[in-house]
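In the two complexes that follow, chain A is the common piece, with chain B as its partner first and chain C second.
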Partner chain A sequence: MSSTWMTTRAWLLMLPLLVIMLAVIGWPMVDTVRLSFTDAKLIGSGGAFVGFDNYLKMLSNNNFQRALYATTWFAVVSVTAEMVIGVLAALLLNQRFYGRTVLRALLILPWALPTVVNATLWRLIYNPEYGALNAALTQVGLLDSYRSWLGEPGTAMTALIIADCWKNFPLVALIALAALQAVPRDITSASLVDGAGPFARFRFVILPYLAGPLMVALVLRTIEAFKVFDIIWVMTRGGPANSTRTLSILVYQEAFSFQRAGSGASLALVVTLIVTVLAIGYGMLVRRTAGSAA
Partner chain B sequence: MSTLTIDAIRKSYGAVETLKGIDIALESGEFLVLLGASGCGKSTLLNIIAGLAEPTSGDIRIDDRSIVGVHPKDRDIAMVFQSYALYPNLTVHRNIGFGLEMRKVDRAERDRAVRETAKLLQIENLLERKPGQLSGGQRQRVAIGRALVRNPKIFLFDEPLSNLDAKLRMEMRTELKRLHQMTRTTVVYVTHDQIEAMTLATRIAVMRGGRIEQLDTPENIYNRPATLYVATFVGAPPMNLLAATAGEGGLRIDGTDIIVPVPDLDGIAPGRRLVLGIRPEAIERSGAGVPLTARCEVAELTGPELVVTAAMGSQRLVAALPATTRIAAGDEIALAVAPAAFHVFDAETEQRLN
Partner chain C sequence: MERRSLLASILIHAAALLLAAVIVAPIFWLFVMSISPAADLVARPLRWWPGTVDFSRYATLLSTIPNSAGANFVASLLNSILVAGMATVAAVLLAVPAGWAVSRTPSVGWSLSLVIATYMLPPVALAVPLYMALAAFGLLNSVFGLALVYLTILAPFTTWLMKSGFDGIPREIEQAAMMDGASLLATLRIITLPLAMPIVATAALFAFLLGWDEFFYALLFTSDQRARTLTVAIADLAGGRVSDYGLIATAGVLAALPPVLVGLIMQRALISGLTSGGVKG
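Entry: the complex of A and B
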């Protein structure tokens, strides 16, 4: 069979999928780009071509800058915490102890819960009148009176980050745990005989095997964190005083709450651009890490 | 320069007893080889000496100091693993110097020691490479260097050569022997390769099912195997084992009318079931020994020798004869075995009798 026929056949077989992808992803993308150069409303006809107006307004607009800052803060803090807690949990669960199997099974639970359920759960925990957090903190004497954790601009973001960590650290832990099991026993033994303490062992024995998989976890989590929407929407809707309004929330409000399809589209494209740049940058980093560990 | 005493060591994993009471006393500078089939507990014993596993009971002493419960790093031992176990992202230099680095030996001193060791092992030109950039043989040299540089009281090797190809394995074997003659450090070496065991050891412990079957010099393991198991485990082609019965004036090989007079066999009741062991290489074409006749079935030239499989009554005999011997299938051949080359075992207890 000739190679041209093989190639043609491959394309023919992929054609249906390509058509569907173009229809559901390609076309909306193109339309979003078009919309972003108009002042179209969500309801009603067309909208006039306004050039780069939407983009210029957005970049000079305080809302965008605050949302970008909130998103970055959320992503950096929650992902960092998830990585650290995830790795520590994996190291712990890699030790031999009674009940390890049960704990390993339980670990997956927060991650398996749908985000909406997790968010609702944490809303209950943070509830200003009957929340468990208030009860616990007052009972141990750390708090004088109940607070509205999600209702105060000073604490809402931190409360969100904690809820997000709780849900997502198990993913990192699972990936790390799988990687830990790939560390050869002989190397661990050799390091013990060589007199390496826990830190040296982590640095020289475990980390080389952990770095690649962790990099993948880091990429996945950062990109997801930058796109965060559902957990925030359920818990705070971007409030109070817009203190938890991330880019995705802003896009939603612009396009659907304020019905400004044009400027919503321009915002959405900027978020897409940021995530794409992150993905490419990380992709290169992953390839480098994988290359050096082998 | 250290003695090693292993005293009634037992080890159980759950209900399974892997080591069933091991006793070994090593003089300073000895090269002990633990030889045995897969799963007989060689690695387990080595790990217990290293401190990577704790014995269920028993004691281990280095220079009369008990080391049970002592952390591996404080036992003054060094270990070489079958998988090399190099640190993947450290250079060869740092791999070799790692134990010294962890022991806070200063940089200049460490560098000097690493270079000296590398020179000894002829890997000076590899010092800046990572393990991933080395061949199997080079990696094993690095692993040996890492053990050597620390100048420990005892070296432990767990099948260090089994991942190498045949030629390299022979080279490294000689190399190890040279290193041992030079350093005179006490060595415990695990292998299931009998040639390695015979060539390297000052003493061999043949292990089977968690016990030591025989602990002796290579000469005695080969010339005077204490049990049937040891007899078949060492030697290639393996020792011929012929069913025989004790009788007047010697023992009769079953299925033939050959009577073999064996010295030192007094007091064995006639009729007792025995096993007569004859090494293929102890069989000669002619000579002053006990004559045997057999019919050649297959003759295979291996190069240095002609391996003949022959029928002797209802039993089968393998003989390793000089390569110049001319024998073809179907030939009736006259063979001879020196009386001292017979090994006699009890068929029930499998213990040596002569």
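Entry: the complex of A and C
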């Protein structure tokens, strides 16, 4: 069989997938670029060409800067916490103790819970009048009076981050645990014989095995965190006082609540650019980590 | 095996208990809320376990009396099954030939990488043109329109899974069958596909859960019972005028049940899927 025919056949087999992806993702992406240079409204006529107006307005706009800050804060804090807690949980689960299998199965639960259900659950827990968090904290004496955790700009973002962490640290833990189980036993015992303390053992013996898989988890979680919409929309809709309004929420409001499709599109493209740059940067990092770990 | 001191052993068990409590407490509380009488949930001090266990909300939500809360819930439940189901079937149908092609002809692999890279794109970047296009084709507030959009989320994922699956099936088996005179199509049907069936099943299950979980596009592109999915219905309940928190919790439990059961049953496949993804990237 000739290799040209093999290649042609491969393209033919991929054609349906590629056509659908081009039509439903490729074309809208191009159209978003076009829209971003117009003053189009969501409903009605196409809108006039306005050059870089939308971009210039956005960059000088306080809303954009605040949303960029809120998104970065959410992403950095929640992903860092998820990585740290996830690795600690994996190190624990790699020990031998009663009920380890059960605990490992439990780890699947938060991860399997639909994002919207998770957001709803925590919204109920944080409820200012009847929530379980207020009840628990007052009953043990840590809190004098009930607080509106999601209603105060000072606590809303932290409350969101905790809810996001709780759902997502198990993914990091599962990935880290699988990597830990790939560490050969004789290497850890050899390091023990050589007198390595627990921290030295983690840093020089175990971490090299974890680095590659953890980098992948880090990339995936960071991209997800920068795109975050669902959990925030259900829990706070970007409030209070816009303190949890991330970039995706801002784009949604601009394009769909205020129906300004043009400036919404320019905002959306900036978000895309940020995520792409992050992904490429991380990709290079992953390659380097994988190279040095191997 | 290294030996542990008594202190280390106690610390490890204490940490394990703490981790278990952190994981279980919120989920257990969701369930408790769903079976507590409404009065218990607004009591101060809060009752942590209901005076009388009350399962009536499950019956309320799953009833089909017209115009009741149940009818709305059941309609959105069916929409979720329909949209995620259609998108899953289509995603697998696209993934099997495409995954096989990339597995056997690595020179076209870059196009799959490109398809997978679309995962990076924030949905908000596609939302406006998609909204306009769906409106133009009369596919807003339609399960078919939503399923078409979901397909582009699920298909990259299923194709990548199928490709790794086919990678594990030696091509020598296919070549041997073709030496014996079987056509390519017959070879794939009789030899390769049956061997790949477990991966097809795994891919379909994950794809379905991905569709089940989706919220953003459903929020934008649906407006009433004809297409509104479960995630949007629950978000509406949570943000709406419902005074009985137990009802919201019950809806949450019902929506969480399928993925949680699948997650527990499929533990092994899930973890190996995660790790192969983690290792190969």
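Keep this in mind: the second predicted complex is superposed on the first by the 294 of 294 C-alpha atoms of A that agree within 3 Å, B and C clash if a C-alpha of one lies under 4 Å from a C-alpha of the other, contacts with A are read in each partner's own complex, and residues count from 1 in each chain.
Simple rule for what comes next: a contact is a pair of C-beta atoms (placed from the backbone, for glycine too) under 8 Å apart; a residue touches a chain by one contact, two chains touch by 3 or more.
All figures in this text were calculated on a predicted structure; none of them were measured in a lab.
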Once the structures are superposed on A, label A:Leu42 by its partner contacts, choosing first (chain B), second (chain C), both or neither. second
After superposition on the shared chain, which partner residues are touched by A:Ser189: those of chain B (first), chain C (second), both, or neither? both
For A:Arg66, using the defined touch cut-off, is the partner it touches chain B, chain C, both, or neither? Pick first, second, both or neither. neither
Comparison of chain B and chain C by chain A residues contacted: C
What is the contact status of A:Ala112 with respect to chain B (first) and chain C (second): first, second, both, or neither? second
Interface residues of chain A shared by chain B and chain C, listed 189, 192
Along chain B, where are the residues that touch chain A in the complex? 47, 50-52, 71-73, 77-79, 81-90, 98-99, 102-103, 132, 146
Any idea which chain A residues touch chain B in the complex? 184, 186-187, 189-197, 200, 204-205, 208-209, 292-294
Parts of chain C lying in touch with chain A, wherever the complex brings them together: 2, 9, 12-13, 15-16, 19-20, 22-24, 26-27, 29-30, 33, 41-42, 44-46, 94-95, 97-98, 100-102, 104-105, 107-108, 111-112, 115, 117-133, 148-149, 151-152, 155-156, 159, 209, 212-213, 215-216, 219-220, 231, 234-235, 237-239, 245, 248-249, 251-252, 255-256, 259-260, 262-264, 267, 270-272, 274-275, 277-279, 281
Along chain A, where are the residues that touch chain C in the complex? 6-7, 9-11, 13-14, 16-18, 20-21, 24-25, 27-29, 31-32, 35, 42, 89, 92, 95, 97-100, 102-117, 119-125, 127, 129-130, 132, 135, 138-139, 166, 170-171, 174-175, 178-179, 189, 192, 212-213, 216-217, 223, 226-227, 229-230, 233-234, 237, 247-248, 251-252, 255-256, 261, 264-265, 268-269, 271-272, 275-276, 279, 286, 290
